[in-house]
Amino acid sequence: MLRVENLYKSFDGFMAVNGAELLVEKGRRVAVIGPNGAGKTTLFNLITGQLKPDRGKVRLDDEEIGHLPPHEVCRRGIARSFQIANIFHRLNVFKNVQVSVLSRQKNSNRFFYPAHRMAVEETDRILESVGLLDRADDIAGSLSHGDQRILEIAIALGTEPQLLILDEPTAGMSPDETSATMALIRRLSETRGLTILFCEHDMDVVFNAAQSIMVMSHGKTIIQAEPGEVRRNRAVQEAYLGGEEDA
Amino acid sequence: MGKNGSSRITVLFLAALGILLLFLPSMIPRFYTYILSLIFVTALLAMSLNMVVGHGGLFQFHHCVFYGVGAYAFALMITKAGLPMWLSFIAAPLASALAGLMIGWLCVRLTKLYFGMLQISLGSLIWAITFRWYSLTHGDDGIHGIPMPGLIAGTTGAYYFILLFFALCLLVMYVIFKSPFGMTLQAMRDNPDRCAAVGINVRRHQLTAIVVATFFAGIAGVLFVVLERTVFPDLLFWVLSLEVFIMCLLGGWFTFAGPALGAAITVALRTFVGIYTDYWTLVLGTLLIFLIFFLPEGVMGFILEKLESRGRKEVSGPRGV
Amino acid sequence: MILFIVCSGLSYVLGVLRVPNVAHGSLYMIGAFAAFSITKLVAGPAGFWLALILAPFIVALVGFVAERALFCHLYEREHLMLLLFTFALSLILGDLVKIVWGAEYKSIMAPAVFDGTVSIMGASIPKYNFFLLMIGPFVAVALWLFANKTKIGRIARAAAVDREMVGAVGINVSWVFAFAFVLGCFLAGLGGALVAPTVSITLGMDHNLIIEAFLIVIIGGLGNMWGAMVGSLIFGLSQAFGVLFWPQFAIVFPYMAVVIVLIWRPKGLLKSVW
């Protein structure tokens, strides 16, 4: 479904992404792992259009999307959540998701219709599926960190994506919140058939949830394979897992 | 304005206010009627600025350009081109909106501060041209004694005319504020990157907001001419732009009606302080400092916060305002 | 050249504090008025030179007071608030000038040593302008040396980039900012005092200056001193060009130049410190 071929991106001479390859098949859960600074977030930014690649291709179902701006990428069915909680902090939880739903419905530009009557059912449904329905009236900025990350995912869901890209979804969460979030992600992938691409530092999370793992180091793809094979691979162990336990 | 339960109170309040405003001219001296009209015009201008700044998060530092363009366009159409009133009345705000479109298009490519910089320079350019193009605009002298139809030529007539359009514009702005467009605009203020990531074409949206806002600024300019019968380059000067900015800040730029309140307070203060002393700017400056330190949400914001903390759950402005 | 001296101060404050100081124009105006008063008190050429030295310090003092009393408390707030504060300050200072000096035009004369013109490459330039032309680069070099070679200057530059880090190493960031601000005010005052003999000293000086100064600083690159120089040159040259070409619209030319530069290079011509 999503294919990244030979991607390169440099910033002022620093090669952030140095030949990355990725394959995400429909309906699967794929994880990208690598030490800090390996280029994971840059890779995601290249896929979703926040950055443009210097070289290489990003293909979505055979369409090249590497050069598209973020809102076009979204319209093609890719939604993403960000590493740093990127929500609309002055709006309440309901509106945070509503904005996204309205965008998908292409209703963002309607002038003469009261917003609070539009897309209510769908927004409520999404909020319920992530467990935030009872906080709908709260101002987003006042939510706990973990809840904000979940709101992030809810906003991404509002666009009814086919591919959901999550940038460190459990960062900063307590163990309870982490397992709840990962359960949510598994549920989304299984019940909705969502394809999920995520990156994480928590190895337990990764090896439990992912069906395919891509390992990056210094901007380069070392390997992409099933979890078992990755665990056994020597290059990966040297580059990343060797010695330090990143759990 | 109210929330779920108290929106009825708000409607009653507004109705009472409306009735009061209708009967006011017959009860108060002409000077006060004039001041009220001036307040309406300025409030409209402030509200139009807030549409892009408070709700849109754009650094539109030189909004008054569009105000001035509207005023001058109106004045010039009547005096030089001899166009009929009603045509000029419609065409002038369109001229403002056109200027808004052109300037906005150049500026939306940039973010935040750079947007503001380019905007100021473009605005100043227009100011400089207006200032110097003596043959057309009479430069520093301005154009005076612009004729108005008898019905609105007098203070009272002008008052009702202005009040009517002010109310109309406010109504339209309110509808926009509550519409998906308005909500998305506020989302873009909070987080333009996130909006892009959910599929919103941020630049186009912002440009639309700018055009709408400048259209309203143009209307304010036209109403100014109706009131004062004169135009001068100061209407386009950046100092006025900053003053309007302050009005938004004073009133509270995350609320809907805040800027109108800010405009009312500023104009009222300016008039009455001016009676006692020459040093209005000193007062304004001190007031501003006070605001910055103590009331960053503006007067309206402060009031709303007080009301909300007395209510149960915290409801953010838009859902109920 | 005057523009450059004034703009360098503005640019410096912008670079270190990351705040455009709207009050810069008012400070400039105070410099001019202060110079006027000093020349009134001390007659003759001595008065002029004294004014040139004292006025900037007076302005710096004003800036210092404003900074310590009010400004420094705002450093934690967002930039927009700081900008608005400087605007409020400019309003207040503007009226203060009106209170202290009254509303009429003032003027002072340069000392006799500057009478007459100097012949440079065939063109005659009034001696005073020549003097200004010489001072400009001198100030530029002095400022550059200061910012880059002295300890304080270097700390200021570090603070501009990462104020938390600087604070963490035990340096009182607030005083660094105070110093930078005062320096900017000093330059504004100097510019005001220098310009005093060549223009009529009026109340509108601050407004006229500040917009031009801003535009210059913007096109030069925010916080970049050499950018301020380039900017002033562009501004001055386009204005001269305008006078030659289409006198009625002379002031439009610099604005036009600014717009063109900004459309082409929105961040300014030279690298900005930000």
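Observations, loosely collected:
We just call them A, B and C in the order they show up, numbering each chain from 1.
Rule of thumb we're sticking to: a contact is a pair of C-beta atoms (placed from the backbone, for glycine too) under 8 Å apart; a residue touches a chain by one contact, two chains touch by 3 or more.
No experiment lies behind these values; they were computed from the predicted model shown.
Taken together, the touching pairs link the chains end to end in a line with two free ends.
In terms of the distance between Cα centroids, chain B is separated most widely from A. Central chain assignment: B. Criterion: smallest distance from chain C-alpha mean to the mean of all protein C-alpha atoms. With centres taken as mean Cα positions, chain C sits 32 Å from chain B. Averaged C-alpha coordinates give centres for chain A and chain C that are 49 Å from one another. With centres set at the average Cα position, the gap from chain A to chain B is 41 Å. Shown for chain B are the residues in touch with two or more other chains, of which there are none. Looking at chain A, one finds that none of its residues touch two or more other chains.
Looking at the complex, you find that chain C touches chain B at residues 22, 70, 73-74, 77, 80-81, 84-85, 87-92, 94-96, 98-99, 207, 211, 214-215, 218, 248-252, 255-256, 258-259, 262-263, 266-267. Those residues of chain A lying in contact with chain B across their complex are 48-50, 69-71, 74-75, 79-80, 82, 86-92, 94-96, 98-100, 102-104, 107-116, 118, 137-139, 142, 155-156, 158-159. On the side of chain B, the complex with chain A involves touching residues 175-176, 178-184, 186-187, 189-191, 193-202, 205, 208, 254, 313-316, 318-319. Within the complex formed with chain C, the residues of chain B that make contact are 59, 106, 109-110, 114, 117-118, 120-122, 124-125, 128-129, 131-134, 237-239, 242, 245-246, 249, 278-282, 284-286, 288-289, 292-293, 296.
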